[in-house]
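Across the two complexes that follow, subunit A remains constant while its partner is subunit B and subsequently subunit C.
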Partner chain A sequence: MDVALLFKIAGVGIIVAVMATVLKQAGKDEQGQMVTLVGVLLVLMMVVSLLGKFFSLVRSTFMFQ
Partner chain B sequence: MEVVKIVGIGLAAGMLISILRQQKPELAMQLSIAAAAMIFLLMVSRIMQVVDVMQTLSTKARVDQAQMAAILKIIGIAYVTDFGSQVLQDAGEKSVASKVEMAGKILIILLALPIILAIMETVLKLLE
Partner chain C sequence: MDRLLAKLIGSALIIGATTCAGWAAAARYAKRPAQLRDLQTGLAILQTEVEYGATPLPEALERAARAAGPPVGAIFAECASRLRRGGGATAGEALEAALDAAAGATYLGPEELSAMRALGAVLGASGRADQIRHLQLARRRLEAEEARARDERQRYERMARYLGVLSGAALVLILV
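Moving on to the complex of A and B:
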């Protein structure tokens, strides 16, 4: 649980953005879309696990059963 | 210095989000969710301490434990709905954000009903 996750997400985002731009320039729009989709899913997986941790912590802090 | 750490995380996340927003707004939204959750995770032990103090004070003042639990639950609901609606507003989904807030308000009223009823009963008893 530390700040590295933030940089990981930002890194994935920047790499995906660059790759999508390059693929678009090369005229491969579909591959660019796929790369974007994969990046979003990858980040979503990290964010969902973090969000689950966050919600369970809120639940235990404020005494929900 | 914990404050410096939190502010640093906030600033770093803000810069990265504003870089990402131009290229990939969907990833920027997820990054802002991650930053918010991370700051809460860092702060949760402090919140625990405050809640503990509140509970010892309430037991000293002989407040009903069920009512104290209701109050804490209300704080939790307010926090979570505020988190959700802020993220949605950042993503530009104002209408969904306002629905989330409305649901939070309804749930809070539902939890506050027993307390309101207790106050009404006390007032009626005083009037008789």
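Moving on to the complex of A and C:
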């Protein structure tokens, strides 16, 4: 397993959380939500290939051809 | 080892660049109220010159430029030098050209520029009372704008700085 990816995701999470807080404090709630959404999408893009691998593994384990 | 060093230098460059961008955006918020105040000072001097001195317009504009100081005073100074050069330009045309030339170096927004442009139509072209009335009107508009700029500064100055640093860190994290 690639541990670096986990740290990367954790880092993105922290930075996105702080950014959203700063934006919210300045009264820009909408932009804060947008930043959160972008963060979620970024992490999803990082793990989407792994997710695909995971599903194919499950399928081959239980022999759903 | 070499790759690590290259990554480190690249990361530092990216974070440095976005931090600078954040500070520049914060400086915009920080300097706008002061520049609006300078512009009001210049207009107040201009009003006094029109009201009590009946000074020729180029000279009055130069005094206003000195009172307002750089970079806002450059608008008045540019207008005065255009008037002195002659060439048949009216005060309104000179002010318009001066705004186009000198306002780019300031943080003045479209609202202030339109207040100044409205002034250009009457400056040196109508009666004393009318000019004074328009100068007062322009100063009131600038005052309202200054209050808004102060409010924005309080809310957005620190936000811009934080966002600069944080976006750099996020970019580095995603690219590494």
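Note that in this section the second predicted complex is superposed on the first by the 62 of 65 C-alpha atoms of A that agree within 3 Å, B and C clash if a C-alpha of one lies under 4 Å from a C-alpha of the other, contacts with A are read in each partner's own complex, and residues count from 1 in each chain.
Everything that follows uses one rule, which is that a contact is a pair of C-beta atoms (placed from the backbone, for glycine too) under 8 Å apart; a residue touches a chain by one contact, two chains touch by 3 or more.
Computed from a predicted structure; not experimentally measured.
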Practice item. Specify the outcome, clash or fit, for subunit B and subunit C once both structures are aligned onto subunit A. Key: fit
Review point. Given Cα centres, how many degrees, to the nearest 10, is the angle at subunit A formed with subunit B and subunit C?
Key: 170
Exercise for review: Using the touch definition from the top, say if A:G27 reaches subunit B (first), subunit C (second), both or neither.
Suggested key: second
Practice item. Give the label of whichever partner, subunit B or subunit C, reaches more residues of subunit A. Key: B
Check your understanding: Is A:I15 contacted by the first partner subunit B, the second partner subunit C, both or neither?
Key -> second
Practice item. Based on the superposed arrangement, let me know which partner A:V47 touches: subunit B (first), subunit C (second), both, or neither? Key: first
Check your understanding: Between subunit B (first) and subunit C (second), which, if any, makes contact with A:L37: first, second, both or neither?
Key -> neither
**Study point:** Minimum C-alpha spacing, chains overlaid - subunit B and subunit C, in Å
**Key:** 15
Check your understanding: What part of subunit A is shared between its subunit B contacts and its subunit C contacts?
Key -> 12, 16
Check your understanding: Touching subunit A in the complex: which residues of subunit C?
Key -> 155-156, 158-159, 162-163, 166-167, 169-170, 173-174, 176
Point to revise | Complex interface listing, subunit B residues touching subunit A | key: 9, 12-13, 16, 19-20, 23-24, 26-28, 30-31, 33-35, 37-38, 40-41, 44, 47-48, 51, 69, 72-73, 75-76, 79-80
Point to revise | Touching residues on subunit A, where the partner in the complex is subunit B | key: 1, 3, 5-7, 9-10, 12-14, 16-17, 20-21, 36, 39-40, 43-44, 46-47, 50-51, 53-55, 57-59, 61-64
Review point. Any idea which subunit A residues touch subunit C in the complex?
Key: 8, 11-12, 15-16, 18-19, 22-23, 25-28, 42
